[in-house]
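The following blocks contain the structures, represented as structure tokens.
Look at the two complexes coming up: subunit A is in both, with subunit B in one and subunit C in the other.
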Partner chain A sequence: MNRLVMTACAFALALASCAPRPHSARKASTLPPIYPDYVGVTIPDGIAPMNFDFAGGPCDRVHVDVVGSKGGFMSASGTDIDFDASEWHRLTHRNAGGRLTFTLSVLAGGQWTEYDSFDMIVSADAIGDWGLTYRRIPPGYEVYGKMGIYQRCLSTFDEYVLIENTCATGHCVNCHTAARTNPDHFTFHVRGEHGATFVRHDGRDEWLAARNDTLGGSMVYPYWHPSGSFCAYSTNRTNQSFHAIRTERIEVFDQASDVFVYRPATRQIILSPLLATADHYETYPVFSPDGATLYFCAAEARPIPDGYQDIRYNICRIGFDAATGTFGTAVDTIFNARAMGMSATHPRPSYDGRYIMFTMSRYGCFPIWHREADNWLLDLQTGQARPLDAANSPETDSWHNWSSDSRWFVFTSRRDDGLYTRLYIASVDANGLVTKPFMLPQRHPAKYYSELFDSYNTPDFTARRVDFDDRSAGRRIMGGERVPVEVIHSR
Partner chain B sequence: MQQAFAKYLPALLTAIFGVSAVLFWVFPHISLLLYQEQYQLFVFTTGYFVERIVLPGGLADYVAEFCTQFNYVYVVGAMLVAAWLTGLQLLVWQLCRRHGAAAVWYPLSFVPALLVWCAMSDENVMLSFVVALDLNLLLMLAWRRVADARGPWPMPCCVAAIVLAYWLTGPAAMALAAYVAVGELKRRRPMAAVAAVLAVATAVLLSYRLLHYPLARLVVGLNYYRYPVGMPAFMCLMLMLLAMMPWLVAALPQWRGRIAMPLLAVLTFAAGCGSLSVLYGGLRHDLIEYDYLVRTHNWDAIVAKGKTQPDPTPMSVSCVNLALSRKGMLADCLFDFYQNGAEGLLPTFTRDMLSPVSTAEIFYYLGFVNDSERYMFEAQQAVPNFRLSARLTKRIVDCEIVNGNYGVARKHLQQLRNSLFYSDWAESRLAMLGNEQAIDAHPEYGRLRRIRQQKTDFLFSDSEMDQMLGLLFAGNMDNRMAYEYLMCHVLLRRDLEKFGQYYPLGQYAGYDHIPRAFQQVLVGQWLREYSDLSSMPYSVSAANVSSTVEFIRTYMADRRSPSLQRPPLSTNAWHYLLAESDTN
Partner chain C sequence: MTSRLSSILGHRAWLWACGLWLAACLAFYVGCYQGLFFHQAQEQLFLLTPSYVATYFSAPAWLSCLAGDFLTQFYYYRYAGPLILVAALALVALAARAALSRLGAGRLHALTALIVLAESVLTLHYATRLSSVLSLAGGLALFAAMPWRGRPSLSAAVQMLAIPLCFWLFGFGAMVLAALVLADVLMERRQMTLRLIALALPVACLGMARRCYLMELGPMLAYPGACHLVTSPADALTIEKNFRVAAEYQFGNLNRVVRMVDADAHHTDVQLFYYNLAMARRGQLPEAVMRHMPTFLGTLGRIGPQTPHFVIWGMDELYWALGDMTFCERAAIMSSVFTRSNRNIFKVRRLAEVNLVTGDTLAARKYLRLLGHTHVAGRWADRLLRADSAAMRPYMAKRQWINRIDTLRQTDRAHDILTELLQSNPDNRLALDYLLCTDLMAKDLRQFVADYLRFGADAWRGRQLPELYQQAFCLALSVQKAPPSEWPHYVSDPAIRRRFDAYCRERGHRNFSDTYWYYFDKSKIRK
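So, the complex of A and B:
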């Protein structure tokens, strides 16, 4: 037996010694071109291995040495960098609050080249959440092929299906939203012949009718009250049209939209005349972390198509009393983007109550198709707003959500190729300092992302893995049985 | 001689069958071959293979899609389809022979292959189905060989093979299971028969647990039929026929006589030919042919087809009008062909995978690059089995290059580079990315960059098509196609007021004569206000004057005159503008 072990060890050593390691390396006084661009990013302890590819041209082999500022060392070699997961987790855990220094060497044409070292900062703030939920869908317009809502563990590369439209043929699923990352309360919308709004509340799963005649539309853009007892939605009459010039692609716009709150326990939709005005579009409702305020976006209505570039949204608020389920009597504007000649959409309050992150674009309510769209941060203590320069890019940056500890945020960006949105994660420290974001890690990122013809939509953190029976859901969707809801008016 | 004939007749029949199949696909039905090819993009990557093999029927899909890519070189594609059909026949006969079928019944072995051939007249029946049938027939033959073997291993191996066959070939394995079960019952081994049936049931249920598909789809197959509506009854019957046929043919009595086999062959082939001639053709196949002709830029063939088209649809009319436009004949010959309103120029978007493709081509040639890309993308998304399309991807890349979105173009090109027949094209375009000079100098991309909307942005609205076309033409007056589509659009909407407004723009379009259809309209309009044509300021031909005067005279005398329904009066612009409005 011992002889067998010795032989195996000797064989392994022989194999290891056969793997070419950098020697006589030429120094390149430049940072290595790598994909994804992980140079100088800040990562959480516990994140999946930050594997990457050399992006500086064809090469035979790459080798990286990683040294932790608080100790520890690891290396990886191959045609791309694929770290051993457990070794990686030990190293990042040991260096939380420190940094990892990467030295990359590349073998091409029989010659090794060693690039300047680069760092990844390991934040002292771990992401407390299990992973992410998001939708993946080809970036289309009206017709949808295969798509679904998925969940991804952040410490591994594992992705799980929440629901795919293969379970409900011909349908589109969207806007999966949990209550402060808690999957005990979540909702999503199904479009198609058997459309529905799914609501999970207190262990009860319900399928509501997709359209409500009193509302004049369906329930979209949800956000849960922190108590989980209410969920705000908007109802939107959305249309789309194509631009003529080459630099713009498509414009998605609302020609009517209102905001309301749904109370799952009583199956009541609560309307307020202040959130359903005829001369304004109200949309993207979100509750403040204390639940006493409902933020939303509002714009003056303009004729379409002539006035589409003049539709600009401000961020507004109205009081909300969760005890009685009633709204306040006045709407305030808390961020006047219109005065800046801009449009503010997708507000997302941090759960610690300090900030609202939102997306700024030149006009309109759908910044996803606006190249100039950037994410901004409104400091609710100072009232000051600023763009997230460290996280933004020249391409579209939008759709963001906070981690449960409000130290990390995930957002979508088209910076990779200009069209296909990818997920990026960045941190905000206690002083509001935003770090360079990193692309969601994959085992073989270049291969994975180049072969992926889906965009990521509506990402959010999830505290733990969502338990959802997609086959049963598919049957319910196709079955068509829906729970009726009552519409009431707030005082 | 007669003995030799009898000896070689089976081989001769098979050869006739195979060659007929090749000729069938190469000549009258090449468009169906290309149709299958254009709704897939086979690439030589591990990811593509894994994507197929993780689903039941994945190996059959992979093999079928590998073969279908050769439809691009249609003779090879036709030979491969014919090979699968001929293989089906030969395997059926081998199986029948194993059961002791008399040689005289050889022509009956063509029946399943002919039935599948007929089934393929439905363009949504995938080659996967045929491949799966062939593979399962091979397994039936293999089982027949080992069925009599002694020892404990044949049955467990058979159960495992059925489960594996389901995973690799899909529900065609049910035919295998049924065949094995019948065989085992005949051997008085009911437990083995039950095991065979349970094996396939277990495979289906296992798949249901592992995958995110409804049970019904796993029972009928994920990709035998392009639409997820379930397997047509015809295909289910095929599975039953294959399972039972060897037993049935073997049970037929010997039929002696020199003419027996030739007679049977003639009857079988005659029935097959009759069925094929009935099933192939029709409106759907006509549209597929139009799409193929647009793809291959065979404008002459489209125009010729348009002249004989018995049942025009918006798509076919729009293809004819596109062909006329590409040949520079649209404004001259618009009313020589059936017209169905402005829909015949730019059909309204429909959520299917065929009609948006030719409309996208019209947008592309016009210079509505964004809309062309949108229609191509929507058509791709509408492919019911979620396959990427090589043809549509190519056009999307064209649009992205014209728009200067090189990152997106590169992503698609890297995918195309992994294909067999599009890799050269992809390489050539990859080399072009970012090279503005090369793109501007490219005849197609350069032209599109010049004629497309440059600066003035607007939101496209198909309800205001004349304004869209007018803005496009105003952006670049070299774009004569935009002007002709604008003028034809208002004519087809019978909007003579706008015709009068837009007509003067034609002076910038570089005509050497006023197009014939426009001349006829101008003459008619002039005669509405003036009795004397001599002072008419337009340069119109005497033939157009006389034909229009003749039309108006006849029309005024008797609106129901039969001569109005015959050329030349039926092809006068005023026939559409007046006569058809009377009937509407």
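So, the complex of A and C:
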């Protein structure tokens, strides 16, 4: 057996030595153009190999040498860079808290060119979560073809279907959320003829009626209470319009929206008059990590379409008592974006309670088609907010979520082609320093992303792989049997 | 092998009959069914890249689907589709005869003819893909090639392997293979139990492939579409009319579109939609819009989940011609969504064109890079990726027609779109004709007059108005009780005026069925 392994290794080495390696390389005093742009990014130990393509024109072959600041070396060659996964993981693990230096050489027209070396910083903070969940959908405006919610292991390139609408034809699945990345508490919404809200709680899967007459709408934009005993939702009367010329393509806005909390154990929807006012739109509810506060976005109602550019959301809060399931008596504004002539949406508190990350745009509640949309960080200790300059781009940056250790965040950005959103991951250190984000790695990123017609949205980390039977779920969706819920009013 | 082949080919009469039938099929496809081929060609985006080819392994029948889709892209070329499909039917005929001969079936010729005839009928359905035909041929051929006769235990072992292999390669061809094996077992009657078990086991195991392929059992076993049967020949011909007129329009054969529709006695909405669009591009919409009634402009409806697919598929052509890139992009994306694989090569091309016109280079390059991997649009995409000035010229020229009024549109109400286009470019004659004709077909005379005065007065200053507009003004002026001195400004042809006076005396008479007045009084508005 040993002899067999030795022979195989020798054969592999012989093959490798046959591959052309850089020699007599001309030096190019510039950083290499690569896709995705991984130059200077910060990555976690355990991330899937950061494969990339040379983006500086046609070439016959590329070769990269990778040296770790704490030791270790690896190289890769081919028409694109496709690292050996186990070698990559060994190298990144050894260099956690250090850096990897990449030296890329490119063979074109019989001449090798060696570019300036670049680094990837390997953070000392590994992502504690197994992977990501996200929705992939062709941007189909009002109708949808094949789309679904997927989960992706972060240390490999493996993607798994969580639920696809091929299981429930003609339906749209969206707004999936786990409780602090724990998929034991899990919810998502199904839109369509057999619409429903799925809630997994304490090992029990339930399908609630998608629309509730008392609410006047369906249960969307969920966020779990840290105890897993409550889930906040908003109910939105959403409309879509089209920009006649190309600054943004689509405008999605609410013509009414309220916030409420659902208690799965008792199947009760808890309403508060403070979260369902007639002259304000309340949306995007999220609980603070201690569960004592419910944050949400609120804007004064304006006539549509004339006043659409004047709808600007602030971030507000109200107390919440999980013991009694009651709300506080006053709403405070904690971030007044309107005073800045802006609109703040998608608040997401870090699980360590230090920050709220949100998206800032010129107006409206749906910044995903706003080119100026950027992610901001509100420091809850100082009350100061600032844009995440290191992570933002001139194109849309939005829909973010924190890793369970609050050291990493994932968000969507249209920076790649201005049209389709892709996932990016960046880190925040203990001092709030944000690093350059990296695009979600793929085995052959240029091919993968150029052939993908889907946009990513609503990404979130998941502590482990979500166990979900999509076939059975499809049958439940199409079956139409729904659990009734009771609506009560908070004191 | 040689003797087997010669025995298959040896029956000259059978060959003649088969050849004649295939020639008849070819003639039928070329003469009456060309539109379907073009439609199928655009129902996919076949990329010659390893990663795209690898996607074929995520479903059964990778070989027949890969071969079928590869060949389907050539359907774009006139006559290529019929030739390829007839060649595939010939394969079915040969494989069927070989399989049945192997089976030792009686009435060999009749059974073979039945299979070929049935498959030929199935190809008339627009959802029957070339890969389905190849799957059938594959299942039949695999049965013919199985080395087993006379050795039941070997046969049992071979069929245990052959059925899953056939499913992997040819999808529902495995079901055909299983049926033939069952027939063989029943006819041979040796070690029946062993062979039946060896047949049942792999068929039962196919059910387990569901998890691998993420498909429901029924669709998976029938993949890539075993049986799409045309239930109504009239419907099939109607669909073909729609495919054909769309194809001719997309090829830029406006004269053919017009001739085809003029020569037809029973028009579909889609035919009239393209007819009006073709005539509008020639500057003759007012003359044409009432030629085939009830007409269909496409501007009185809205795109949404309830809109017929055919209309959605054509709407991007309307918006493209008018110059509204926002709605053209939306219609193209929705057309893609309504395509089998969510990818429609010509709609992707349109998306690239829209972004070239609007100057959204990043988005345009994304689509162009993809199209660069296709056979049909590869060269075109490469030229644009190189920013070849000759290739870019039409898109630069189109920029002058796009909308420059930044508003938020809650709907695709055509009146708003056309008005904005004319505000941006008063010289947009196509938009002007559509605006005025839309007003008239909606019987909104007040709006017609307002739109004419706002946008049309300058366009026709010093020139005679089209007859349709003069007829409309007759009605409008008469309703408004306008003084006689005002009439000649709008109704400059005295013959029209005289005929209108005659119509007023015999209001609603069929002698005037070619006039707008008759339409206004008697016809329903079509949306």
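Just so we're on the same page, the second predicted complex is superposed on the first by the 477 of 491 C-alpha atoms of A that agree within 3 Å, B and C clash if a C-alpha of one lies under 4 Å from a C-alpha of the other, contacts with A are read in each partner's own complex, and residues count from 1 in each chain.
The criterion applied here is as follows: a residue touches a chain if its C-beta (ideal position, glycine included) is under 8 Å from a C-beta of that chain, and two chains touch if they have at least 3 such contacts.
The shown structure was predicted, so the numbers you read here are calculated from the model rather than taken from an experiment.
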Query - Touching partner for A:Gly216 - first (subunit B), second (subunit C), both, neither - result: neither
Query raised in the report: In the superposed arrangement, which partner chain does A:Gly480 touch: subunit B (first), subunit C (second), both, or neither?
Result: neither
Query raised in the report: After lining up the shared chain so the two structures overlap, which partner does A:Thr169 touch, if you call subunit B first and subunit C second: first, second, both or neither?
Result: first
Query raised in the report: Regarding the shared-chain residue A:Pro303, is it in contact with subunit B (first), subunit C (second), both, or neither?
Result: neither
Report summary line: The shared contact residues of subunit A with subunit B and subunit C are 138, 140-146, 161, 164, 166, 241-247, 249, 251, 305, 308, 416-420, 447, 450-451, 453, 470-471
Requested in this report: Mind listing the subunit A positions that touch subunit C in their complex?
Outcome: 138-146, 161, 164, 166, 239, 241-247, 249, 251, 304-305, 308, 416-420, 444, 447-448, 450-451, 453, 470-471
Report summary line: Within their complex, subunit A touches subunit B through residues 138, 140-146, 148, 161, 163-164, 166-167, 169, 241-251, 305, 308, 416-420, 447, 450-451, 453, 470-471, 474-475, 478
Query - Sites on subunit B touched by subunit A in the complex - result: 45, 47, 208, 212-214, 217, 228, 349, 351, 368-371, 374, 377-378, 380-383, 386, 388, 402-405, 407-408, 410-411, 414-415, 452-461, 468, 471-472
Query - Interfacial residue positions of subunit C with respect to subunit A in the complex - result: 47, 49-52, 210, 214-216, 303-305, 324-327, 329-330, 333-334, 336-339, 342-343, 355, 358, 360, 362-363, 365-366, 369-370, 402-410, 412, 417, 420
